Amino acid sequence: MRIFENYESEVRGYIRSFPTIFEKAKNSILVDEQGVEYIDFFAGAGTLNYGHNNEHITNALLEYLKKDGVVHGLDMATTAKKEFIHSFQENILKPRNLEYKLQFTGPTGTNAVETALKLARLVKGRSNIISFTNGYHGLTQGSLSITGNNEYRDESYISRCNAAFMPYDGYFENIDTIEYLRKFLADGSSGVDTPAAIIVETVQGEGGINVASKEWLQRLEAICREFDILLIIDDIQVGNGRTGEFFSFEFAGINPDIVTLSKSIGGGLPMAMLLFKPELDQWKPGEHTGTFRGNNLAFVAAKTAIENYWTNDDLSKAVFYKEKILKKHLESIVQKYKQYNISIRGRGLVYGFEVLNDSSVASEISAKCFNNGLIVETAGSEGQVIKFLPPLIIDEKTLKNGLEIFEKSVEEVFLEKEKHLKMEF
Amino acid sequence: MRIFENYESEVRGYIRSFPTIFEKAKNSILVDEQGVEYIDFFAGAGTLNYGHNNEHITNALLEYLKKDGVVHGLDMATTAKKEFIHSFQENILKPRNLEYKLQFTGPTGTNAVETALKLARLVKGRSNIISFTNGYHGLTQGSLSITGNNEYRDESYISRCNAAFMPYDGYFENIDTIEYLRKFLADGSSGVDTPAAIIVETVQGEGGINVASKEWLQRLEAICREFDILLIIDDIQVGNGRTGEFFSFEFAGINPDIVTLSKSIGGGLPMAMLLFKPELDQWKPGEHTGTFRGNNLAFVAAKTAIENYWTNDDLSKAVFYKEKILKKHLESIVQKYKQYNISIRGRGLVYGFEVLNDSSVASEISAKCFNNGLIVETAGSEGQVIKFLPPLIIDEKTLKNGLEIFEKSVEEVFLEKEKHLKMEF
Amino acid sequence: MRIFENYESEVRGYIRSFPTIFEKAKNSILVDEQGVEYIDFFAGAGTLNYGHNNEHITNALLEYLKKDGVVHGLDMATTAKKEFIHSFQENILKPRNLEYKLQFTGPTGTNAVETALKLARLVKGRSNIISFTNGYHGLTQGSLSITGNNEYRDESYISRCNAAFMPYDGYFENIDTIEYLRKFLADGSSGVDTPAAIIVETVQGEGGINVASKEWLQRLEAICREFDILLIIDDIQVGNGRTGEFFSFEFAGINPDIVTLSKSIGGGLPMAMLLFKPELDQWKPGEHTGTFRGNNLAFVAAKTAIENYWTNDDLSKAVFYKEKILKKHLESIVQKYKQYNISIRGRGLVYGFEVLNDSSVASEISAKCFNNGLIVETAGSEGQVIKFLPPLIIDEKTLKNGLEIFEKSVEEVFLEKEKHLKMEF
Amino acid sequence: MRIFENYESEVRGYIRSFPTIFEKAKNSILVDEQGVEYIDFFAGAGTLNYGHNNEHITNALLEYLKKDGVVHGLDMATTAKKEFIHSFQENILKPRNLEYKLQFTGPTGTNAVETALKLARLVKGRSNIISFTNGYHGLTQGSLSITGNNEYRDESYISRCNAAFMPYDGYFENIDTIEYLRKFLADGSSGVDTPAAIIVETVQGEGGINVASKEWLQRLEAICREFDILLIIDDIQVGNGRTGEFFSFEFAGINPDIVTLSKSIGGGLPMAMLLFKPELDQWKPGEHTGTFRGNNLAFVAAKTAIENYWTNDDLSKAVFYKEKILKKHLESIVQKYKQYNISIRGRGLVYGFEVLNDSSVASEISAKCFNNGLIVETAGSEGQVIKFLPPLIIDEKTLKNGLEIFEKSVEEVFLEKEKHLKMEF
C-alpha cells in the first residue's frame, strides 16, 4: 500500500475504508492480492448492476478488441455506437413509449449533469435551478452548485450561484414539501425565481437512501408543468434497473423532460448520456463536446447488457424477488435490535440501514463487514447510513451469505458497544 | 446514418465532418463499414498518440480481461492502479526530477481542469483564475469560465465569473504580452485581482495551434513566483509526447505547480489525472470524488504505453524526425502557394496550417481530404486552421501518403477557387 | 404634467398613482399646485415619521443655513455630525443599553444594506446570506440579491448569487418556520451553507405588512447565536419609532449584531447609517466610502428630531394611542364588509389592509382615496395590500378625517363592484 | 474628536487626513471650531463645484424651506422637480443638441452607476460589462465589480462577476489600447464576451487623474457602434463643468448612450441622475426605485445652479482661465524640482501632481498643506497623486493663495527629505 500513500493524493477515499489491493473480480465477488474473497454489496457505487466482469460483457469486449473495432471515436459514427443507439431505442425507449433524443457526454455522471443544466438554461433562458436537500449530482462547478453536502464546498469555489434548495420528500415530518415548493414558485416575492429546471433523484443514494414516493414525484411533475419548468431526473445511481424497472421513475408514471444516465449504463466502463424530449434539442452542432463522449468499448458493453438483460422482464422480476430477501433479512435485524431504533428504507436493490440512536455506528459496521469479507459503504450527510447496492445479478446464495456476514458484523459491533457501556459503570 | 440523424442530438459534430460509419481501426488507419481506409491525422483530437488499437495495449487489455482483472474500482486500491502509479513514477517523473502527487479524477479532461481549479482556489483562498485568449479547457461550468471561444457560451450559463483573460504569446504583434500581464498584476488598481492560479497550454490546440515560446513560458513562471500564483499547465492535448518530450513544458525547463493530463495518457481509454507539488496536497479524504476515477482498463493501457514508449528516448527521437518530414512538406506547400499567404506553426507533431488570405478555406480542405482518404480537422476561433495531429507512432510511409493526400486536396480546393474566380469574370 | 411625460423615464412610479403636482407640505398635509389638500397616509414610504416640513426641523435647517454651517462634509468631522453622534448615543443607544459603533453610509437605504452585507461577509469570511420571502432590502446589486420580489429582477442582472430565501413568520400556516430554518442550517447536506448573516425586517413593509412575532424574532436570534451567524435587522422602514419604540426590535428584547437605519432617521433628508457591535468593526480606514455619507443638513435634522421626540416617551405613547384609533376604525370596516374577507395586521403605525377575496381591489381603493383627498399606497407582491403609514406626529383629527375618507372610498369601490356584478346578470 | 474615535467606525477616512472639526464654510473656505480657515482644493471630492454654501443656492433653499415647499417627494411630481427638469432640458440638453430621458436614482453616485448597469444589461440582454484599469465607479456590489482598486475588494464580496477590465488610455506606453480592446472584442475566442456596455470616465479622478484624449474617446465610441455596445460615460466626478464644459465629453464631440451624474449636480446636496437615449427607456414603471430619488431641496439647489451658471458661458471661460493659472503654477514647481521627476496632468480644474521618484511623498505634502491651511487630497492606487479639485467659482486671489501654500508645503516636505538623506551620510 506504500505506493498509494506516497504518491496518491490525500483525497483518496474508499481505499481507506477497504484497505487491501484488489486484483480480480467476477460478478459479486472481489478478490485481493492475497486471494481473500469479498462479497460486494457496493457494486462500484451503482456502476456494477451487471456485476464485475460480467461474462457476456467481457466476451463481447474480447471479441471487439480482437477484431480491432474502433476503440476511441470522439463523436464520429461507428458501428458500435450505431448498434448501441439502435438497441437502446428498440429495447429500452420504444417499449416504454418514451421518445427521447440521445446525447453522449463526457463519460462521467457529472458531465451528464452539467450538460443537462446547460441545455435546460439554454432552452428556457433562465439561470436558476432548483435542487433538493441531500441531493448529490457531482462535483464539477455546475454540478457542485446543486449538490447539498457541504463537505464538498469551499468558499473560494463560488458554487452557490443560481441554485435554490428545497426540502425533499419526507425531509420534514408533517410538512407537505410539494405544497411548500409550490408556494415558493407561485409567490412572485418568495425570492426563488422560476427555475429553468428542477433536478431530482427518485432515490437519493449519496444523500442517505431517501426514497421519494410515487405521489410526490407525480405532484412534482405537475408543478413543473404548471410553471413551465423542465423536470430533470438524475438517474445516474438508481437507473439501469436498480429499482427493478430500467428507469427509476417508471413506477410513478411520470415523463421527465431530461434524464441523466451514467454508472451502470456502460456495463462497468465509463459512459454517460442524456435523454431529452426532441423539442428540447436546441443545441448547435458542436456546442457541447468532450473527448471521451465516444467510448466505443462502453457502447459494446452497454449494448451487450441491454440485449442480455432488457429484452424481457426476467431481470426486473429477479430484482423484486431479491429485494424481498434483502428486506426481510434487514427487518429481522431491526426487530432483533429494537432498542437501537433502526430505520430501513429503499426500493428494488438500493436499501439504507440507519441506526437512529447512534449515527457513528455505521462506519464501524462497514469496517467490521470488511474484516468479515463483505463490502458495504455508508452514505448520508454524516455517513450515518449503511447503503446496500449489490449487483442486480447477484445469485441468491451469495446475497444470503452477504446478509449473514452483515448480521454477524452488526452483532459484533453492538456487543462491543454494550461491553464498553458496561465497563463504564 | 439515419439512426444518428433520428436519435442523436443535433449537438453531434465530427460525424458531420467525417460522414461515414467507422468499423475498425489500427494504428494510423481507420476503416469504415464499406471497407474504405482513411489515414488518421486527427488521432482522436490527441487521444491516440499511440495509435488506434495499439498492439501492445490491445494485447495487455485482452490478457487483463481474460484473467478477470478488476475493471471498475472507484478509488479503491487495485493491482492495475498500483502498477500504473509505480511505472509513472519510475519512468516519467523520476527521470525528469519531478516530484508530484497524483490525483485520479473523473476520466475526462474537463474533470481534471475543474479539479485543478478547485485545488488552486482551496490552497490559495482566492477565487480568481487567469486564462488566455483562445485557451480551451473544457465545457463544464468551471472549465467553461476559462475557455475563450464564445461559441460555447450562453448568457444563461453564467460562466463569466472569477476569470480574467490575458493575451497569449503572440496575440498582439509588437506587444510584450508578459510585460502586459505583469502590469495588470502589479497594479493594485488594474481591476484584475491576484489570481489563485494562471492556467495555460504550451501549444493551444483548439485555439488554432498557437505556440508559446520557451522564453515566454519561463517569464510566465517567473511572474507566478513573483506574485505567489500557482502555475497550471493544461497538458491534456499536447502532453504525452505530442511535442516530442513527455510533458510539453520540458523544453522550457519550467516546473509547474499543477499539471493536468488526460487524452493519450490512457492509451485511448478514458483517463485523466492531476499532478501537483506535494505541498499543495491539502485535500481532505473524499473531498473531490468521481465514479470513474478508477478506470482500471485505462491503467493497464497507460502502463503498457509507458513501458513500451517511455523507458528510452526512441519515441521522442521519432517524433522529432517525423516533425521534420511534416514541416518540410508543409513548407513546400507554403512556397507553392505563396499568393495565398499560408502560415504554418507547431512543435513536435502538432502543427497548424492557416490560409491567411481566406479563413473559410480550411473546412473545404478538410472535407476534400476526407473524400481523398485523409482525416484532418480544423481548429481556431472560426475553424480557420487545419490541425495536424497524427499518431506519434505513425510509420513514415503512411505519414508521407497522408501528406500527399493533403497536398492534392489543397491543390483541388485552390483550383476550384480559381475556376470560380475566373467564372465570375 | 407634460414635462414628466416627455422627459422623465418610464420607470417613474408614484407619480402615476398620485397624478398631480405637489407644491407645499406641512406635517400630514400635502398641497398641490391647484391648492388641493391631501392627507398623507404614506409619509414618503416611511421617511416622514416626523411629518412634512416639521417645524422644529425646518427651523433648525434655516438657522444652520443662515449661519453657513458646513453642508457637505464627506466623512470629515463637522460640528453638526459631532452633535448628532453625541445626541444619538445619549438619547437613543445609552437608555436602551445598546453598545454600537456608527457608520455613515451613502444616504440611501440600499447603501446601508450593501454595507451591512459587506461587513458581515468580511467579518465572517462567508459569502452566503439568508433573507426571507417577501423581504425588501433595496435594488442595487447586492441588496437586490436578497430582495424577494421578482418584478425587480432580470436574468441579465445575475442577482441570484449567495443568497438563500427562507419562509418568513407566518408564510405557511401550521408550519414552524423557525424549526424549518433550523433544520436547513443544522443539516450539512441541506444545500444551504452557513451564512455570514441573516437579514430580516421585523415588519415587512414592501412585502405587504407581514408582522413577525416577538417569539419568532427571539428564536431567530437564538438560531443566529447557535450557528455563529450575524443577525442584521433592516430597520429602514419600520425603525425610527414607526412601531412605537425607536427600534422595531425592542419589544422582542433581542440584540441584533447589525442594524440598518435610513428613511426617517434624517427627518426627511437623505441619510443612512449602520449600527454594529464594536467587535465587528473590522473595517480598514476608507475601505467603504461614499460621497454623501456626510450630509450635514440631515445631521442637523436628525439631531433636532431626536431632541424633540426621543428624550421622553411621549411620542411612543402617542403612537400606541393612535394605533388604537387606526386599528379600531379598520376593524369596524372589516366587520362591515365581512363578505369580502378583509385581513388587517400591523404594529404601531404601520398597518396593512388586504381584501383577501379580491387582490385587485387595493389599487382601486388607493385611486379612489386619492380622488377623495387621501394618499395611501399599496404593497405586497401584487400590490394587494393597502399600507397605512401616517406620520407619527399626525394629529388625532387629521387621522380620523383620513380614516373617514378611507372608509368612504372603500364603500364607493365596493358599491361599484356590486353594481358591475348585478349588471352582469 | 473623542466622540468620533469612540463611536464612529474605524472605516472613517478623510477625518484622519484633515483632523479638525469644521463648523462653517463659504465658497472656497472651510472654518473649523477654533476659527482656523482652510482653503478648500478638494471641494467635497468634486461635489462643490459651485462652492460651499453658495449664496444663490443657500438663498433659494432658505426661501423654499420658509414657504414649506415639499422636501421629500419620492418620485411624485412636485413643483421643484418640474422646474429642475425644465431648466435642465432648456439650459443644458437643448443647447448641446442632446436628446436624453432623465431618471432620478437614489442620490448617490453608486446608485446611478448601478442603475446604468441594470439598464444596459436589461436592454442588451447581456451581462458582461467592460471597465478600465484604475476606474472608480462606487462600492455597492454592482459598482464594485467594475471598480479597479483592490483595496475595496474582499474575497467574500464575490465582486468579480461579469466584468472585464481593459487598459485605459496611456496605461501602457507605446501600446494602442483601443486597438488592443478592439482585438479582444473582434476575436470570438478572446474570452471577453461582447459586453452590454463599456463604462468609462473621461478623466479618472480616484484613479489618479488619468486623462483620456479626444481621439481615444472618439475611437472608443466608434468601437461601441461597431460592436453594438452601449457607451456609458460616468461623469459623476468630472461632469458639471469640472473640465470647463458642462459634460466632460463635449470636447470630444461624442454622444454617449448613457450618462451618470451626481456630486455637483445637486449643488452640494445629495442628488444623482441618469441620462439615456430615449430608445433605451425600456423600464417598466417602478422597476427601479429608491426612497430618496426625489430630494426636492437638491432639485431647488440644482435649478439655482443651472440658472446662475449655465445660461451663458461665463463659468466655462472662468474655468479655462483659472486652469491656466493652476497649470502655470504647477509647471513652475515641476521646473523647480526637476530632480524629483514630477508629472502634472489634467483638464479644466481637475489636475494631478505626481512625484514619480517617490510615491509616498504625496500624503506628506497633503498633511503639510493641511497644517498650512490648505485642503488637498491624494488619489491613485497608492495615493501617490495630489489631486487639485478647487471649487469652479473660486476667486483668483484665493486660488493663488492656495497655490502658494501648496508650493510652500512641497518645499518643506522636500527640504525635510533632503535633510534626512544628508543625515544618513
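Going by the order they are written in, the chains are A, B, C and D; count residues from 1 in each one.
FYI, a contact is a pair of C-beta atoms (placed from the backbone, for glycine too) under 8 Å apart; a residue touches a chain by one contact, two chains touch by 3 or more.
Just so it is clear, the structure is predicted and the values come from calculations on it, not from any experiment.
> Determine the shortest chain-contact distance, in steps, between chain B and chain D.
When the steps are counted carefully, the minimum from chain B to chain D is 1.
> Farthest from chain C in C-alpha centre terms, which chain would that be?
Here the answer is chain B, farthest from chain C.
> On a C-alpha centroid basis, what's the spacing between chain A and chain B, in Å?
Roughly 31 Å separates the two chain centres.
> What's the distance between the Cα centroids of chain A and chain D, rounded to whole Å?
Distance between chain centres, rounded to whole Å: 58 Å.
> Taking each chain's centre as its mean C-alpha position, how far apart are chain A and chain C in Å?
Spacing between the chain centres: roughly 49 Å.
> For chain C, give me the residues that contact two or more of the other chains.
Chain C, residues with two or more chain partners: 125-127, 151, 155-156, 158, 161-162.
> Help me check something: in the complex, which residues belonging to chain A touch chain D?
So the residues of chain A in touch with chain D come to 155-156, 158.
> Can you list the residues on chain D that touch chain C in the complex?
1, 3-4, 7-16, 18-26, 30, 33, 44-48, 52-53, 58, 61-62, 65-79, 82, 85-86, 89, 101-104, 106-111, 114, 117-118, 121-122, 124-127, 138-143, 145, 151-152, 154-158, 161-162, 196, 262-263, 268-270, 274, 276, 281-292, 295, 297
> Residue numbers of chain B touching chain D in their complex, please.
Of all residues in chain B, those touching chain D are 125-128, 131-135, 146-151, 153, 155, 158, 160-165, 171-172, 175, 180, 183-184, 187-194, 207-208, 380-382.
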